[in-house]
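Chain lettering (A, B, C and D) follows the sequence in which the chains are written, and residue indices restart at 1 in each chain.
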């Protein structure tokens, strides 16, 4: 079993996610989300994706927590209790079905770290071999993100920047 | 300067272009933040603080053992209390160092600082006594560190 | 060297476990924060010292020491901020019932 | 040594679970903040031990430094918020 080592971490992940949904207080939900992304980035680090772990820690645990807090600071009414309606019949049917479909589809994916899967046969080696000669960036992830896909990354950044400005405009406190 | 040392420690690469970049960055950050820091560290002060650290570590070990004994004790014999400690330190950095040392020592935590009066939450009577009596020692040491800095509080 | 580092790591683990027990057992925020500070100050110190011994002397060890000093500077700040917020929002410290 | 490090890793994950109990259970919001602080300290140690386990300490140290700083930012923001608004 390849995944035997990650099971405790994944259990923690499940517990934090469920807790963040089920907890009644918005503030506690924010804190639970913070610990969720700490755990998630531990999982990434365990799988060896250090860059993703770093981004997860910075964005999830640092930035998102502070942004959520700012939102709460600007908007939270006195009573922050959530009243959640019970799930409807359609939800109860559709979502398990969707989960089963996804699991069924995941059966066809190549195994984790399989050397014969299409991605690791011809795409990854060529990136790994040529990216340093092409771009002179020692980190392959950075070179893929910033050189091969630079337009994509730029537009992504523009989208995020725009939404950030919109949020800042909406959440601006009236100084009167 | 300290920022530059920090940069070198973090990047740990000694190619000169990285070093120059770090130098420029640390100067920019220092320039932006200049005028906010309440005190400019002097080298003799830093040496004295370094000499203070082993003693602090000894205190930390001592009170850690005491606290773990308290926690593992089946009857949980704790008597937490709030106490007010008035120090005679008259320097911002000295009070900060004092509060930080108190918090770092297990069993006592600084809860509120107002000029040089600290409200401290202590775990039990003995640790509290330590603060009133024994930590006069800590205060004396810190006052000794800051003895030739003019007071600003 | 390996034996020494294992000894340090085990000692650090002991303090971490004690702190976790304290976090579960102690009655209120103020007391629990003492347990957390126990972890931060001694447990982390011993663990990281053991790891640094195992690594030997190179730049990684230096970085471990940087992380350690960051922990030592930042964690009291966090503990103090938490306790101050708890105190200012009107939480009363737990007291043993005196008859 | 490898096995020993693995045991240390598992034990640290269990300790994170213990703190998580405090975060989930905590009667007041400050308990949760405290638990989060404990979790992130454990995560820093866990990352470094993990780096030792994979023998790539240089990569993992950087993340743990980032963790330590982010932890400070997050906890200070939470506490400022709580100080100004009062506990819910």
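Observations on the structure shown:
The rule is short, and it goes like this: a contact is a pair of C-beta atoms (placed from the backbone, for glycine too) under 8 Å apart; a residue touches a chain by one contact, two chains touch by 3 or more.
Since the structure is predicted, the reported quantities are computational estimates derived from the model, not experimental observations.
Ranked by how close its C-alpha mean sits to the mean of all protein C-alpha atoms, the top chain is D. Comparing the centres of all chains, each the average of its CA atoms, the largest separation from chain B belongs to A.
Per-chain CA centroids place chain B at a distance of 22 Å from chain D. Centroids of chain A and chain D (each the mean of its C-alpha atoms) stand 18 Å apart. One finds 15 Å separating the Cα centroids of chain B and chain C. Taking each chain's centre as the mean of its C-alpha atoms, chain A lies 29 Å from chain C. Counting partners per residue, chain B has 10, 12 as the residues that reach two or more other chains. Contact with two or more other chains is made by no residue of chain A. Chain contacts: chain D has residues 33, 35, 58, 62, 65, 71 touching two or more partner chains. On the chain D side of its complex with chain A, the touching residues are 10, 13-14, 16-17, 20, 23-24, 26, 29, 32-33, 35-36, 39-40, 43, 46-47, 50, 54, 59-60, 62-63, 66-67, 70-71, 73-74, 77-78, 81, 84-85, 88. Interface residues of chain B, counted against chain C in their complex, comprise 6, 9-10, 12, 60-61, 64, 67-68, 71-72, 76, 78-82, 99-100, 103-112, 119, 121, 123. Partner chain D is touched in their complex by these residues of chain A: 8-9, 11-12, 15-16, 19, 23, 25, 27-28, 30-32, 34-35, 38-39, 41-42, 45-46, 48, 50, 53-54, 57-58, 61-62, 65-66, 69, 72-73, 76, 80. Note for the complex: chain C touches chain B at residues 15, 18-19, 21-22, 25-26, 28, 30-31, 33-35, 37-38, 41-42, 59, 62-63, 66, 72-73, 75-77, 79-80, 83-84, 87-88, 93-96.
For chain D in complex with chain C, the residues that touch the partner chain are 1, 4, 8, 11-12, 15, 18-19, 21-22, 28, 30-31, 33-35, 37-38, 41-42, 44-45, 48-49, 52, 57-58, 61-62, 64-65, 68-69, 71-72, 75-76, 79-80, 82-83, 86-87.
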